Each structure stands twice: as C-alpha cells, then as structure tokens.
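Paired with chain B in one complex and with chain C in the other, chain A is shared by the two complexes that follow.
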Partner chain A sequence: MDPTLAVLSRALLIVLPEALMLLLGTALLTAGAFVKLSRRTWCALAVATVAIAAATLFSIWNDRADVYASVVLNDTLSRYARLGFLFFTLVILATAHDQVEDSRASDLFGTILILSAGSMLVAAANDLILMFVALELVSIPTYLLLYLPRRDERTREAATKYFFLSIFSSGLLLFGMAYLYGLSGMSNLKALGFAARFVPEVPNIQFGLIAVVFVLAGLAFRVAAVPLHFYAPDVYEGSPAFMAALLSWVPKGIGMIAIIRVLTSTVGGLNSPVADKGFLLAWVIAAASMTLGNTVALLQNNLKRLFAYSSIAHAGYMMTGVAAAFHNTQGSLPLAFGAEGILLYLLAYGLMTLGAFAIIVALGGPDREIATVDDLNGLAKSHPRTAVAMTVFLFSLAGIPPLAGFWGKYQIFASALSSINDDYARSYQYLVVIGLLNAAIGAYYYLRIIVAMYFKTADQALTTKIAWPTGAAIVACALLTIGFGVYPSPTCNVTRRAAIEAIRSPEVTAAPRTATRVVDRSN
Partner chain B sequence: MATLLCFTVLIPLVAACVLALVPGLGYRESRSIALATAILSTLCSGALAFAFEAGRVDPQFAFGSSEAGYGAPWMGSGSVRIAFGLDGLSVWLFALSALLTVTGVCASWESVKEKAAAHYALLLTLETGLLGLFASLDIIQFYVFFEFMLIPMFFLIGIYGGRERRRASITFFLYTLVGSLLALAGLISLVVINYYYGDKHVLTFSIPELTAGLAAITRPEWTDVHPWYTNPQVLIFLLLFAGFAVKVPLFPFHTWLPLAHVEAPTAGSVILAGVMLKVGTYGFLRFNMAMTPLGARVLFPTLAFLSVVGVIYGALTALAQSDVKRLVAYSSVSHMGLIALGLFSATAVGMEGSVIQMVNHGLTTGALFACVGIIYERYHTREMSAMRGLWKRLPLFAFFLILASMGSIALPGLNGFVGEFPILIGAFRRDPTTAVIAATGMILGAYYLLSMVQRVAFGPLEEPAHDDHDASAHADPHAASDDRHEQKVRPVGWHEIVGLAPLMAFIVIIGVYPKPFLDRIVPAVRPIAARFPDSGYRTPSEGSTTALSARRADAVAQRHPLNSLVTKETGL
Partner chain C sequence: MIQSIFLLFSAIGLMAALGTVLSRNLVRAALWLVAFFFIIAVQFVLLEAEFLAAIQVLVYIGAVAILLLFGIMLTRNIQGDETTSASLNTKLIFGALGLALFAVLATAIVSHKGTPERPAWSKIQGRPDDEAGRDGVLTRKDTINNMAKTVGDEMMTRFVIPFEIAGLLLTVALVGAVALARQVGADEPIDRVRKAGFTRDDAPANGSPEGVAEAPGAVASPSH
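Moving on, here comes the complex of A and B:
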C-alpha cells in the first residue's frame, strides 16, 4: 500500500470513536425534527452512543500511529483522556437528562455528543490544524447549547458574551499557531517538538515567543484563567446549572490538554528562551488566577458565581503545573512531571466539580432553583446522603486528603518544587507558597457550604427527590473521588506514562523519508 | 505484630463505618459499639507498647525492612509508600491516642444522645487519624493523616459544640490548614533535597531513610549557614514550623485554641488537648529537629523566646479566667510552650523530658477536660464563681480533679514532674535565662490550678442553680428516682470512672516509676540530640559561660535521683 495512504487509514481508524459519535450525534440532532420521543428516550440513545464509542475505543486501544506522519495519536494521553471524556459525557448526560422539555431534548443530547467528540479529538490531535478544528468542534456546539435550554434575557446575554469572547480567543489561538507553523514549516506537533530540541540554533526565535504568548492567551480563555476569565462568572450565572457544569469542565479539560499538546510538549525545554518566556507567562497567569479566583470567591453568595471563581482558581493551580511542564524535557526525570500533575488534577477536578454541580442541578426543582449558598441550609437533615456526597466533593475541591483533589494539588506542587537545579528554582518556590496559601483561602468558601449544609437549619426544608440517573452520577463521582484518593497508585501510573509519552519525540530512524514527508504534508 | 499494628490502626475506622452506615442505631447501641472498639484498640496498643523492644532505634512492627522499604507502594512509581511502624518517639503517643479515645467515649456517654451514631463514628475516625499519624513511616502518609484528622474534628466541634460552634470549627479548620499546607511544601522540599543533594540520588519518602539521608548530605548549599536566610535547611525549617506551631499551638499562633476548646464537646476537647496538640510537638521533633537541625540552631533565640512567652502568657491568661474550661485551655498553651522549649533546647535531657511530657500532658489535660465535662453535664455551667465545695456532692470527682491538677502542676511523685524537670534542666543547659523565666511560668501554673481546685472542690457546698427540666433530661432516671431532692445531682457513674481511672493510674505510675517509659523513648531521642553540639550555639568567647552553666546543670542533674536515671540512660 502507498505509505501515505497507510498512514491516513491508520489515522482514520484511530478517530473511529469520534467519527461514530459525530455521526450518531448528527443523526440524533436531525431525527429530533421528525420523530417525537420523550427526553428519557433521547437521553438513553445518547448514552448508547457513548457506550458504542467506548467499545470502539477499546477495540482500537493498541493501534499505534507513526508519530511524525499521523495527524492523530493513540498514545497513553490520547487513550485515557478520551476514555475520561467519555465517562464525563455520561455524567453530564445524566445530570442533564431531565433539564429540558421533550421537544428540545434531541437537540440538547445531539449537541452534547458532538461536543464530546470534539473534546476527544483534542486529546488525540497531533496536528496544529486538526487541533484548531477540534477546539472549534467544541466551541460551536457550546454556543448552541447556551441558547438552547431557556430563552430569557440573561441567558441571551450570557450566550452572546461567551460567543464573542470565544471567537476572539480562537482568533488569538490561530494567530499564535500561524507563528508556530511559520517558524518551523511544520504542522505536525511531534515533529515540532523534535525540531524544538534545536531551538537555540533556530533563527528568528522571537517569533516563537509571539507564538507562545498568543497560543497561551487563546487557550487561557478556555481554561478560564486570568486575564481572560471575566466571562466565566456572568456566563455561569446566566446559564442553567447543568450548562454551568458543562462549561466548568469541558473547556477546561480540552484547554489544558491542548496546552500540553501544543505548548509544553513541543516548545518546552531547559535552556530554551521560548520555554523560559512560556514559564514566566504561565507563572504570572497561575499566580494571578489563583489569587483572584480565591479572593473574589470569598465574597460570593451565588453558588454558580462561587463555582465560577473557584474554577478560575483551579485554572491557576493547573497553570502552576503548566509552568513546571515548560521546563520538563524528554530525558529529565523529575519527582513529578508538570503534565502529570495537570492530568491528575483534571481528573480530580472533573469528578468533584461535575459531582457538585450534579447535586445542585438535582436539588433544584422546576419551581425553585438552588441559587445561593443559603439555599443549601439544612441539607444534612433533608438529604443526608446527598450532603455527605457534597461534603466529599467540597473537601476534595479544598484539597483535603485522602481525596482525589489532594493528590492533584500534591502532584502539581511537587512538580514545581522538583525543579531545584533550575535557574528558576526560587520562582517556583514562591509560586508554590502562593499556591498553598491560596489553597487555604479557598478552603474557606468550600467550608461555608459545608457549614450551611450541616450547622444551619433551613427556613423551608428541601423536598426535591433526586432522579436516579443524576443520583447514579453523583454516587459514581463521589466513589471515584474517594477511590482515587485512597488508592491513587493506578491513576498516577497512567498519568505519569501519559506525561512521559506526551513529551517524548523519538529519534528519527528513516530520517530523510519521514522528514520530507512531514514537510511535504505541511506544504 | 505488624499485622496487629495495622489492625489497631484500622479497627476504629471499620467500627466508624459500621456506625455511620447501619441505619437506625440508637445512642445505646452506638456508645456500646464505640466503647468496645476503643477498649479493644487500647488493649492492642497496650500490647504493642509492651512488646516494644527498648533500645532499638529503627521502627518496629513494620512490614518489610529498611533495605527493601517499609510497607507497600501507594502511589506513583512505588516511592510513596503506605507503611506503619512505631519507634521510641511515637509508641507512647500511639498508646495515648487509643487510651484517650476511651476517655472521650466515656465522657460523652450520657451527654450525647442526639445523632449519637454519627458522633461516635466521628470520634473513632479521629482515633484512626491519630493512630495512623503516629504510626506513619512515610512522609506523605504522615501528611495525609495529619490533614485528614481535621475533617472529623471539624464536624465534632461544628455539630456537637456550644453556642459559638460554627465560628470555632471554621477558625480551627482554616488556621490549621494554612499551617499544614505550608508544612506540605516543606515536606516535599525535604524529599526533593534528599533526591538532588544526596550522594546516591535516592527518591524516597520514608521518614527513617530521609532522616539518615539528609543527615549524610555534605553539600555546602545544605550545611553552610552563611547567610542563614538563603540556606534551604532554615527555610524548610520555617515552612515546617508554620505547620506544627499552629498545631501545638505556640504563641502567637494559639488564638484558635481557646475558642475551639470552649466550644468543643467534652470528647472533642479531651482528644484535641490530649493528643492533637502533641501532633505539633511530635512534628517538631520528627521533622524540624531531626531533619533540619541547622534551622533549629540558627533560630534558637526566636524559638526559645516564643516558647517562653507562650509559657508565661498562657499562665497569666489562665489566671484571669473564670470559666474552668477556658482555664484548662490556656493552661495547655502554657504547658505546650514548655514542651516546645524542651525540644528546642536540643539537649538530650530536655528532649527526653519533652517526649515523656507530651504523654504526661495528654494524661493530665485529658483528665482535666473530662472533669470539666463532669461538671458541665450536671450543672450546665463552667463558671467557677457559681460553684464551691463540690467535694461534698461529688467526692470521686474531686479526687480525680485534684490528682489531675497535681499531676499537671508537676508535683514530685506524679507524672508532670518527670517531664517538666528534665525540660528545665535541658533548657538551663542551653540558655539559663529562658529556663529561669520558664520556671516562673510553672509557679504561676501551680497558682492558677490550685486556686481553681480550691474554689471548685473545697469550702462549703455551693451549687449552681439549675432548672429541673434540664437536669432530669440529662440525669439517669434510676438514680434520680431514689430521692428527688437530695439526689438531683447524679453521682459519678461507672462510665466516668472507666474513662478516668486509667488516666489516674498512669499519672501515678509514670510519676513513681518512669523507667519503662523512658527506656523506650531515650534510644530514639539520642541520635537526634547528637546532631546538636553541646555548646556550639555561641561564639567560643561566649562559650565559656555556657559551658559553665552546662556543668552546673549537670551537677544538678547528678544530685537529683530521678535525673541521675535520665543521665545514665543518655550517657551525658
């Protein structure tokens, strides 16, 4: 077979789960116009699609691609991140299963499926163009979703705000990517990473700085990091709770994985001026996001705004890992890789945030939404088990061991501290101290919710009954939060492997052929 | 025995899960399950302490060996391990945690009837946290237990506490969390330093290995103190200090303590003051003194100052209290300052005194808080002005109160003396002035405790007015039915005796015959103390006075029968 064709067919095989999900998602979206079914049925169909995608993913589990030729990868990061996205799609589907009326249900679930396919594609992408397309494949359904469920003034404002800022950030990202491409003439990310080993010898390295700044800015919007964070509180508040859940998890997940793929694994390195500038930028973003997110969250009484600011703060913790990841290279063996910490943190963050939002969604009835912290007063009395689950999520968010959130924080700070021999060791240490003090500040507003649930009494007790799909999602998230916390070893092994494989750019064996092919393709 | 240790640590957690998960448990069943579990784990820990071989420095009852690594891999590439084991520093605190849980369960026997299952579940979870912490051989595992304890304590104070419980629980939680997060940075840094600066570049999280590894580092970045503020040892010392000083609590980090104590339920106070505060001093010894000795040497004047201010300030504030519980709480600040002083004196005598004094203070303060609980349960007040001469009403209570107070005052022949006297000697050898000032604090301690005992126990009987409704709700119906007028106040019940009698026994036993206790502690303290020069804190020209005072202290030590024992053990 023609080698190019072989590479292409292998790539198509690898994105089979995404392709299936896109196809079935579109089918769902279209069918909604012709068939009338209840929302439960639509949701069941969406869940079945996710199951099919998962089965496909397992069937291609061991297929590997030629890293310098293929536009998609099937390395550890790609496989497990896609698996994770599938799991969290299930959680989101369960949370949203009764949130819209029957007529719009097919639209909602179809869009969620397309969006999930996009997020999985981000994890697999190994090409600048495909990465951008995948990111947009998440953004565009998000605009739709923001308009879909309720059509009042506030939702519209939130959607418009998100729309314009998202377009803006996509522009920034594309601009940065163009420089990355212009500098190297390659769009394959692994090949870029390989070329970046010779960075000090590359002429016009300043363009690399422009690329790093703009790509990081474009992705900072998705992870809701300072200075592109300010949409988050308004948009969260203006959208229904399940949308806030989706917005707090999906963009953050894809943004962080895109940062690992596009930035830290390619231009990262010791003694590289690009990486040093990237580190400084990530340092500033991390410190600013953590501090702003945590301090402003202290003042919030609205739950969605509180979680919005908490999500900004968590973006800051993860940016600490990004700062460390800029200095991790192939061959270095630190105590913890930055990317390792980010991935672990993402997993923990997804579990605890989606779990907490699922509870907020489930407790809100048609007549009474859970809007403020005070609405949770006395929850321990009316819903004792739900209160326990919420407590697990909140303590995990605060980073108290032995819950998943603690290991995320631990890995991130360990990765920053293990750079003792760098010139930047002192900067890392300051960042860690800032981060830890922030974690303590952050604990206050999570505790406030626990205090409301356990130590206060409600004026009017909640009587909402939690539907079983949402209940199952909450239980799964809580058990996994505890499980990963008590026995972190398997997860940590996976994240470490993923981090190492993401950085690794293997030596080129058939140098001329591969290299020409890469250049050819990019032309 | 290793299995027994794991069993001892985990059995309270299992019982807590049973209490939390089995629906519809009444307070009778819950408290019986809790008491049985607490007694079982106490017996197990007693067996462990008995089987502990005196004279060995390395951890005992651990799976695995120091070569192959203790315990089992827990996280990552197997370097973070989960490993339980006890050594001389931890064995008695381990046993104390188990014993005080029995006291805690007994103290809440009659007073907690609502949400009792959850209360006992939290108490037992707390016990697992403490036992696991003292038995940790891994630095990250230590930290996990260190922070995990906050959760049950937070709920114990917040749900079962007094009027200000919400504020108290949040203050307690956040204060401790700020410190312990900084300590986390310090702990990770220790591992990183050992990895990069050590000759063999071993990535280890094991506490014994780290202690040995860090001591062996000869790189000038690590051992050179000029200037001190750039030395990582000193900086890490400060990070760790932030975590443990809040826990102890040293002045000026103590502000959470009176609030937490006054609002906490009796069981919470007993465990909080009895064991949780010791976690701080244990951390000082285990990490600050053993792993970053240079920091302790450089910062000694500040540390000694803070400790001594804590001793005096705690004592003076206690003197001004009219609430018995508040008084005992402030007395803890004072006594813990003295323990910290003993540690920072970095002399073998002082550190041994501190370790045994941790146990002693746990026994006496635990007992005092339990006594306060006895009063509060009956009269619903803790104001000293409202009560007098309770000896006549509750003779057994008065006996407990007096014995515990005497132990706390450090009356020779009781346990406090065994700990506080060596601490003063150690402090005197290092810096006579601090020792003299700290001794003043002890005199003040005798003053406020004695006047408290005098008011509460002696004199003509005078009881606080209490409404009948409350009393009948809390008093045992059988006791009350005998004679409603005379027997309104329930006499000290069997469960209170079960809770307090072992503490009283140990107060006397340690006071009279401390040898078995010191035998186990001394070998573990010796290598830590050996890292500090005898009189190397000052320049040689000043050294002569220090040496002189040290000799004088030695002479004192020799003359006293008790300390000749200590001196013999340490070979000083």
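Moving on, here comes the complex of A and C:
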C-alpha cells in the first residue's frame, strides 16, 4: 500500500470514536426536527452514543500512529484525556438532562456530543491545522449552547459577549500558529518539537517568540486566565447553571491540553530563548490569575460569580504548571513534570467543579434558583447527604488533603520547585510562595459556603428532590474525588507517562516523512 | 516592469483598504473590501501563485464578501451613520492596535534570515530553477507549477481529517443557526415554562407524561 494511505488509514482508525460521536451527534441534531421524543429519551440516546464511543476507544486502545507523519496521535495523553472527556460528558449530560424543554432537547444533546468530540480531537491532535479546527469544533457548539436552552436578556448578553471574545481569541491563536508554522515550515507538532530541540541553531527564532505570545494569549481566553478572564463572571452569571458548569470545565481542559501539545512540548526546553520567554509569560499570567481570582472571589455572594472567579484562580494554578513545563526536557527526570501536574489538576478540577455545579443545578427548583451563597443555608438539615458531597467538593477545591484537589496542587508546586534551571530557580520559588498564599486565601470563601450549609438556618427550607441521573453524577464525582485522593498512585503513574510521552521526540530511524518532504523541496 | 506593476497595484490596494475603513456607509465599506480582496488576488498572480489567486477570488469575493453584504442588508439600516462612526478614543485605540499589528508583521518579514540552503524571502526571485527530483519526493518546482494538484492531493490524503472536520464545523454552524432561529412557541424564559410543567403549545401535556408527574415543585418530600 502507498505509505501515505497507510498512515491515513491508521489515523482514521484512531479518530474512530470521534467520528462516531460526530455522526451520531449530527444525527441527533437533525432528528429533532422530525421525531418528537421526551428530553429524557434524547438524553438516553446521547448517553448511549458516549458509551459506543468509549467502547470504540477501548478497541483502538493499542493502535499507534507514525508520529512524524500522522495528524493524530494515540499516546498516553491522547488515550486517557479522551477517556476523561467521555466521562465528563456523561456528568454534563446527567446534569443537563432535565434543564431544557422537550422541543429543544435533541438540539441541546446533539450539540453537547459534537462539542465533546471536538474536545477529544484536541487531545489527539498532532497537527497545527487539526488542532485549530478541533478547538473551533468546541467553540462553535458552545455559542449555540449558550443561547439554546434559555432566551432572555441576560442570556443574550452573555452569549454575545462570549461569542465576540471567543472569535477574537481564535484570531490571536491562528496568528500565533501561523508564526509557529513559519518558524519551521512544518505543521506536524512532533516534527516541530524535533526540529526545535535537535536542529543546532534554528534561524528566525524571533518567530518563535511571536508565536508563543499569541498562542498563549489565544488559549488564555479558553482557560479563563488573566488578561482574557473578564468575560467569565458575567457569562457564567448570565447563562443557565449547567452551561456555567460546562464552561468552567470543557474550555479549560482543551485549552490546557492544547498548551501542552502546541507550546510546551514543541518549543519548550532548557537554554532555549523561546522557552524562557514562554516561561516568563506563563509566570506573569499565573501570578496575576491566582491573585486576582482568589481576592475578588472573596467579595462575591453570587454562587456563579464566585465559581467564575474560582475558575480564574484555578487557571492560575495550572499556568504555574505551564511555566514549569516550558523548562521540562526530554530525558530529564524531575520529581514532577509540569504537564504531569497540569493533567492531574485538570482531572481533579473537573471532578470537583462539575460535582459542585451538579449540586447547584439539582437543587434549583422551578420557583427557586440557587443563586447566592445564602440560598444554601441549612442544606445540611434538608439534604444531609448532598451537603456532605458539596463539602467534599469544596474541600477538594480548597486543596485540603487527602482529596484529589490537594494532589493536583501538590504536583503543580512540586513541578515548579523541581524544574532544573538554576537561572530561574528563584522565580519558581517566588511563584510557589504566591501560589501557597493564594491557596490559603481561597480556602476562606470555600469554607464560607460550608459554614452556610452547616451552621446557618434557612428562612425557607429547600424541598427540591434531586433527580436520580444528577444524583448518580454527584455520587460518582464525590467518590472519585475521595478515591483519587486516598489512592493517588495509579492516576499519578498515568499522568507521568502522559507527560513523558508528550515531550518525547522518538529517534528517527527512517527519515521522518512529513519533515523531509517539506525540507527536501527547498533543497 | 513587474515590480512597477506590483507597486501600482499595491497603491490601489492601499486606497481600497483606506476606503473600507473611512467610508461612513456600511455597504460602500463592504464594496471597498471587495475591491481590496480583488487586489490581493492580483498580487498573488504577480507573485506567480495563480492557484491562490483563484482561491482568493472564489472564497473571499465569491463567498465571504457576498455573505457580508447579505448580513448588512438583512440586519442593518444601510444608511446608518451611527454604526460606522466611533468616538475619537476608540479610533485612537484601534489605530494603535492596527499599527502594532503592522509592526509585528513588518518585523517578521524584514528580519527573516535565510539559511545556506534556502535564501531569505526577500532574496527569492521568480520560480525555482529545475531541480533533480528524487524518487517519490516532489520538488519545489513541481509543487509550485502544479499547485492545485498538490493542494488537492494533500487535502485528500494527509489533511483529510482536518478538511472533513472543517466541513462538519460549517454544517454544525448552519444547523445551529436554524435551531436558534426556529420559533418554538413563544420565546418564553424557561422558568415560566417549567412552572407550567414543561408544556408548550407544540408539545401537548399528555405527550410528556413525566413532565407533569415530576414537575419538581409537586414533590414535597423534605430530603432525597
């Protein structure tokens, strides 16, 4: 067989789960116009699609791609991240199952499926073009989801704000990616990493600097990091609670994975001017996001705004990992890789924030939405088990051992401290000190919610009954938060392997085809 | 000769761009933009990238500009003076942003250094000379002279996955726009619909039995 076709058929096999999800998601979108079913049936169909995609993912689990030729990868990061995205899709579906009227249910769940397929593609992408298209495959359904379930003045404002900022950030990202391409003339990310690392002197290094600035700026919007964070509180507040949950997790997950794939794994490294500039930029973003997010969150009484600022703060912790990841190199064995910390943190963050939002959504009744911290007063009396689950999520968000959130923070700070770079050792230490101070500040507003739940009495007790799908999602998130916390080693092993494989450029036995084809033309 | 033609068209392009920015009428601005797109196509031809020129005309003038004009005509008051006039501060900020963008682009082009094998962009003139093509590997010359074929081949082999996904992206945007524009009953906020037990004029109450049975307010048990 033609070698190009061999690479292609393998790549198509690897994206089979996404292809199935996209196919069935589009089918759901269109079927809604012809078939009338209840929203629960549509949701069950979406869940079945996710199950099929998961089964397909397991069936291609051991397929490997030719890293220098294929547009998709199936390394540890790609496989486990895709599995994670599938799991969190289930949680989101369970949270949203009752939040829309029947006539719009098929649109909503079909769009959620397409969005998840996009996020899975981001994790698998090994090519600048595919990476950008996959990121857009998440953005465009998000605009739709923001305005689909509820139509009032505030939702309209939130959707418009998100839409304009999002296309602006996509423009920045594309601009940066164009420069990344201009640096080497290759769009394959592994080949780009290989060139950046092993070609003795890369000409036109200034393109790398421009690329790092613009790509990081474009992705900072997605992860809600300073300076492109300001949309978050307004958009979260203006959209339905389950959309706020989706917005706090999916863009952050894909943004961070895209940073690992596009930036830290390619241009990162010791003694590289591009990596040093990337480190400085990530340092500033991390410090600013953590401090701003945590201090402003102290003043919030609205729950969605509080979680929006908390999401900005968590983006700051993860950017600390990005700063460390810029200085990680292939072959080194630090105590923790930056990417390792980010991935563990993402998992923990997804569990705790989606769990907390699921509770907020489930408690909201027809006549009473859970909007402020005071609405949770006396929850321990009316819903004792839910209050325990919420406490687990909040403790985990605050980073209290032995919960998943603690290990996320631990790995992030360990990666910053163990980065082998004498020139920047002091900067890393300062960043960790800022991070620890912020974790202490953050604990205050999480504890405030716990105090409200346990020690205050409500004017009017909550009587909402939690629907079983949402309840199951809450229980699953809570159990996993505790489970990863008390027995972290299997997860840590996976994230470590993922980080090592993400920055590895395999030995070139035969000439890497993508790289040579482009270079040869110019010779 | 070629160079002076190039400069002439660049000047016209610059005027078209200024016209886009300065004209107060949105439709005129859009038409200036079409002119600008066309000049870009001309520049591609002068740079001997005929395929790109064709794509530029097809995509930008044929699709983007027409879409833009339709968008303006369907949504705005075309005479609108309000829509295109901005305050001085806004103008200054966006002017500064535009200059900064220009600086970044100019720096990149001017500071580009060549390597021994491959000269800098500013040093390349005309098409590459004949090169000895190796087995199975396209030479630069082949690629440039058969650009449509090369691009087509790459899109159908190496980049077929991103290509198909881009197509799907457009489908999603289209279906999504229809879903958003579809009028189901009235545009009622969900709270009111939920109070009514999720019934709407198009979905009769007996059509969704669980909607009535589990209307959350109907359940009065204090804990779950």
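Here is the rule we go by: the second predicted complex is superposed on the first by the 507 of 523 C-alpha atoms of A that agree within 3 Å, B and C clash if a C-alpha of one lies under 4 Å from a C-alpha of the other, contacts with A are read in each partner's own complex, and residues count from 1 in each chain.
Basically, contacts are C-beta pairs under 8 Å (C-beta built on N, C-alpha and C of every residue); 3 or more make two chains touch, one makes a residue touch a chain.
It should be emphasised that the depicted structure is a prediction, and the values quoted were computed from it without experimental measurement.
Trainee: After the superposition on A, what does A:147 contact: first (chain B), second (chain C), both or neither?
Mentor: Touch status of A:147: second partner only.
Trainee: Figure out whether A:432 sits in contact with chain B (first) or chain C (second), or with both, or with neither.
Mentor: first
Trainee: Using the touch criterion from the header, give the chain among chain B and chain C with more contacted residues in chain A.
Mentor: Ranking chain B and chain C by residues of chain A touched puts C first.
Trainee: Quick one: is A:457 in contact with chain B, with chain C, with both, or with neither? Answer first, second, both or neither.
Mentor: neither
Trainee: A:62 in the overlay: touching chain B, chain C, both, or neither? Say first, second, both or neither.
Mentor: The answer is neither, since A:62 touches no partner chain.
Trainee: Looking at A:127, would you say it contacts chain B, chain C, both, or neither? Reply first, second, both or neither.
Mentor: second
Trainee: In the overlay, answer first, second, both or neither for which of chain B and chain C A:5 touches.
Mentor: In the superposed model, A:5 contacts chain C only, not chain B.
Trainee: State the interface residues of chain C toward chain A in the complex, per the touch definition above.
Mentor: Per the touch definition, chain C meets chain A at residues 104, 107-108, 111-115, 117-118, 131, 134, 137-140, 143, 157-162, 165-166, 168-169, 171-173, 175-176, 179-180, 184-185, 187-191, 193-195, 198, 200, 202-203, 207-208, 210-211, 214-217, 219-224.
Trainee: Enumerate the contact residues on chain B facing chain A in the complex.
Mentor: 73-77, 140, 143-144, 147-148, 150-151, 154-155, 158-159, 165-166, 169-170, 173-174, 177-178, 181-182, 184-185, 188-189, 191-193, 195-196, 203
Trainee: Could you list, by residue number, the parts of chain A that touch chain B in their complex?
Mentor: 335-336, 395, 398-402, 406-407, 410, 413-414, 417-418, 420-421, 429, 432-433, 436-437, 439-440, 443-444, 447-448, 450-451, 454-456, 487-489, 492-493, 496
Trainee: Chain C touches which residues of chain A in the complex?
Mentor: Interface residues on the chain A side: 4-5, 7-8, 11-12, 15, 22, 26, 29-30, 32, 36, 38-40, 69, 71-72, 99-104, 107, 111, 114, 121, 127, 129-130, 133-134, 136-137, 140-141, 143-144, 147-152, 179, 182, 203-204, 206-207, 210, 240, 365-367, 369, 382-386, 461, 463-467, 471, 514, 516-517, 520-523.
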